[in-house]
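First chain A sits with chain B, and in the next complex the same chain sits with chain C.
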Partner chain A sequence: MISYLIATSALVIIAAIAGLALNLQWGLGGLVNFGLFGFYMLGAYVCGLFSVWGAPPLVAMAGAIVLVALASAATSLISIRLSEDYLAIVTLGFAECLKLFISYEEWLTRGTLGIPGIVRPFAAYVPQGYGDAAFLGFAVLCLVVVFAVFERVARSPFGRLLRASREDPAVADTLGKNVLVLRLKTFALGGAALGIAGSLHAFYYTYIDPTQFGTIITAYAFMAVVIGGRGSNVGVLIASFTVIALLEGSRFLIDVFPVLDGSQLAALRLFLVGAGLVAILIFKPDGLVREYRLRATRS
Partner chain B sequence: MVLAAHGVGVRFGGFTALQDASVAFRRGAITGVVGPNGAGKSTLFNILSGRVRPTSGAVLYKGEDITRLPGHARARRGLTRTFQISRELGGLTVLENLLLATPGHPGEGLVGGLFGGRAARAAEEQARVDARGLLERVGLWRLADASASALSGGQKKLLELCRALMLRPEMILLDEPAAGVNPVLIGEVADFIRVLQSEGVSFGIVEHNMDLIAALCDPIYVLAEGRVLLEGSFEAISANEAVIEAYLGGVH
Partner chain C sequence: MAQLLFNGLVTGLLIALPALSLSLTFSVLRFANYAIGAQITLGAYAVYLFNVPLGWPLLLSTAAGMVLAVAVGLLVQALAYEPLRARSSVTRLVASIGVALALENVVRFFAGNSPRGYGVEIARPLRIAGLRINQEQITIMLSVLVALVLVWVVFRFTRLGRAMRAVADDADLAAVRGIRRGRVVAMVWVLASALATLAGVLIGLDATLDPQMGWNYVLPVFTAAILGGIANPMAAVAGALTLGIASELATLVMAPHYRAIVAFLVMAVLLLVRPSGLFGKQWVAK
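For the complex of A and B:
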């Protein structure tokens, strides 16, 4: 039971970091990143490859952060002349191309065979049997850092400018703001967080192959942001836990309703999760938590 | 002369929106631009503010050719605009709308935003003082923490004007400042514009409300079908046969 909780928590934390990245890019910045899973996958592969080539885990992770940030920045540049809907298409295209590249360029990525033997950080110092617990501790630390940084960004003048460019980029332009540069920075910063999330994925499974990565990762991130409330980092955290709690918690329904068999329950679980999400959006259409606003006259 | 367009023209596909238009905005003046719908007034403002690049002609600002300069770079030089339909930022509070316009805010960089150094904090403090001063002048301070989308039409126009003023601009282009504003507030908007003029800000105004044009603007350019018909005082243009035919005939 403990190991099950640790495993679930690790997945929640990785999903939460991806959710926070999307919240910065789309929640605050209005940049629709449908290719989120591609950047996440890139992070996992860069980290995994660097690791099996002999780089220490933290160095591999740093490489993943930098490269995903650069790839994100480059992708946002491609969309200079495209309006916002097209950014969604460009990012999705990037993700699918990357997945095909990784699946077929076997000389680099070992293709569908995947990459085994990825070493976790501090593995040498962790006693036998505590690997997952130590990993969870490291993942929590990563989440805390990402959350702290993004929360600070959201409350800073940079975050205010980001919200403004989401509402109306033309206004930001008439006020002397270079919206393109702003979006480039935002995509890069979100990409850095996706590099962290991807690295944690690689560390957690210690084996990666292309089938682990798909649009469902993007979907979970969007779910977390929509339910949590666009622009609210706290909301995204709560929502990430809520979504996984609904998904995983419904497993235990079999104890309550022993009349159901396994396949009936599996179908019922998805139904319950869907109903739960719809209920949240009916009662809280703007999400669980409101995004940050300056309160000046009170202070 | 603070701002001038020399023979600017723009075509959208086969449609000529503006042809060989030359207008000049005198320093310290409130220059009006009038004309029937589709005359090219908004296109002219879009060219002057950098939203549309002209296919011919040049735009000069304080003697510098800014024809190819993007809008944000023009704003940094002190040339900004407001929009025909208010574009308040509803996702920001009234105060945040103004703070946003702080020029060269060090906290708007990623590093400045993250580590919030002394320069960023000082800039934010100063911006709040400036913003409060402006909002108090137009009676919006009590709404400082309200969402900008909660304001009335006239209040939104005042908010946009204050937001533009945070840039400490030399020249503001106002696209229909009286559109969607109730008649009582139109007077208030006009008074505010005149006070700002006396403080040294130059204005260009596109407007359909002839009372406002008559009260504020000199000189006035009349545009029709993408060309400049003539330029003159309100008395001169309202006495002109061609203008009456093109435009004022429908009003008087």
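For the complex of A and C:
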């Protein structure tokens, strides 16, 4: 039971970090990142490969953060000057191509065999049997750091400018702000957080292969942002720890419903994620928590 | 070389139908429909349902499958997109990814993950003028051409087509002139779902059916539509053919499983150099 709780919490924390990254890019900046899972996957693979090549875990993680931030910035450059529709397809294209590349370039990534034996941070200092608990502590620490940084960003002049450019890029542009650089920075910063999330994924499973990464990671992040309320970091946390925890927990419902087999239950869960996303967009468009400084003016 | 060009033509025709469907929904409804892949999958399995478990002939099953897929398309429009009508196009974009996930998993729930095929005989490929041509390729070419001509005629010469073009040009002006938007939108979904279903059947004939089949086409389909200028339905077809031939020719220098990467590169270069598409002029949203 304890191990089960730890497993669900670890996954929820990783999803929360990915959600915070999307909240910065889409919630605050209005930049739709449909290829979120690709950046996450890149983070996991960079971290995993560095680790297998002998880099200390924290160095591997730092490498993942830097590389994913760079990749995000480069990808966003392709289309960032066009409307959101284009950014969405470009990021999705990046993600799908990266997945293909990782699946086939066996000399680098071992293809579908995956990369085993990724070392967790501080593994040498953790007594036997407490590995998962220690990892959980580390993940919580990462979440706190990401949350604190992004919350600061949201309340800083940079965050204000970002919200302004989301509402109307032309106005921000006219006021002498460079919207292109702003969006580039936003994408890179979000990418850094996705690098952290991907690294945690690699550390948690200690084994990665291409099948672990797919649109569902993107969908969870959108769920978290939409339910939490676009632009609200607190909302993303609340959404992650309730809805995503429930969804993740439902993996284990298989013992309760013996009628459905595993893949049917998985399909049902993903169906609920998809339908739920649409339903929230329709019925609760503002989410649970309002964005910072977005309040109805009291008369 | 000629063989590659021919294969590229067939690949392009396969992409053409969903690309047309995509740019049709985009030009009238003003949002990028990411559920296009799931619609392909759903259509392919709807036809499969009539073809294999019920044992109907493929042609009849295709018609029945189209009716089913159109019904689902209209249902999705009524349940998901209509309530979001007044909201930003990005909201509908995100909603369409939810729709995609939901539809694909309806298929997974009932049909499972293992690949399937239609109940058709495997025929020996023909050899014409040194080209190796499969029976399926002939079926694909003929059906796509017939579908394209039909859509073109509807678009160009009927009242409905004129209404669609009017709404696409300026929805408010069209409404002032008494065009009922609801009917036009419904017809767009009917056409879009039917085209996606036909594409699904043809892709299923060309390869196999699996729940991922449509999703794998999302990237090429979007690239083709952007290539043509996304709000210009007929140009999407030209974009699809260009992309099909380009991706086949690329197999000379790249491994064949990297076709999606070709599509991505084409799109990246295009967006940097000529974002309005090869044939489009207007509608570059900034």
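Basically, the second predicted complex is superposed on the first by the 252 of 299 C-alpha atoms of A that agree within 3 Å, B and C clash if a C-alpha of one lies under 4 Å from a C-alpha of the other, contacts with A are read in each partner's own complex, and residues count from 1 in each chain.
In this section, a contact is a pair of C-beta atoms (placed from the backbone, for glycine too) under 8 Å apart; a residue touches a chain by one contact, two chains touch by 3 or more.
This is a predicted model, so every value here is computed, not measured.
Participant: Tell me the contact category for A:5 with respect to chain B and chain C: first, second, both or neither.
Facilitator: neither
Participant: Based on the superposed arrangement, let me know which partner A:168 touches: chain B (first), chain C (second), both, or neither?
Facilitator: The answer is first: A:168 touches chain B but not chain C.
Participant: Tell me which partner touches more residues of chain A in the superposed arrangement, chain B or chain C.
Facilitator: It is C that touches the greater number of chain A residues.
Participant: Scan A:185 for contacts with chain B and chain C and give back first, second, both or neither.
Facilitator: Touch partner of A:185: chain B, not chain C.
Participant: Looking at A:113, would you say it contacts chain B, chain C, both, or neither? Reply first, second, both or neither.
Facilitator: A:113 contacts neither chain B nor chain C.
Participant: According to the stated criteria, A:277 is in contact with first (chain B), second (chain C), both, or neither; which is it?
Facilitator: second
Participant: According to the stated criteria, A:222 is in contact with first (chain B), second (chain C), both, or neither; which is it?
Facilitator: The answer is second: A:222 touches chain C but not chain B.
Participant: Which partner chains sit in contact with A:157 here, chain B, chain C, both or neither? Use first/second/both/neither.
Facilitator: first
Participant: Between chain B and chain C, whom does A:145 touch in the aligned arrangement: first, second, both, or neither?
Facilitator: neither
Participant: Both chain B and chain C touch chain A; at which residues?
Facilitator: Overlap of chain B and chain C footprints on chain A: residues 170.
Participant: Using the touch rule from the top, collect the residues of chain C that touch chain A in their complex.
Facilitator: Spelled out, the residues of chain C in touch with chain A are 31-32, 34, 79-80, 83-84, 87, 89-91, 93-95, 97-106, 108-109, 112-113, 215, 218-219, 222-223, 226, 230, 255, 257-258, 260-261, 263-264, 267-268, 271-272, 275, 284-286.
Participant: Show which residues of chain A lie in contact with chain C when the two form their complex.
Facilitator: Listed in rising order, the residues of chain A that touch chain C are 30, 32, 34, 78-79, 81-86, 88-90, 92-94, 96-97, 100-101, 104, 169-170, 215-216, 218-219, 222, 226, 263-264, 266-268, 270-271, 273-278, 281-282, 285.
Participant: What part of chain B is in contact with chain A in the complex they form?
Facilitator: Those in contact with chain A are residues 49-51, 70-73, 75-76, 80-83, 87, 89-93, 95-96, 99-103, 105, 107-110, 112-114, 116, 120, 123-124, 128, 141-142, 144-145, 147, 163-164, 166-167.
Participant: Chain B touches which residues of chain A in the complex?
Facilitator: That would be residues 149, 152-153, 156-161, 163-164, 166-168, 170-179, 185, 189, 291, 293-298 of chain A.
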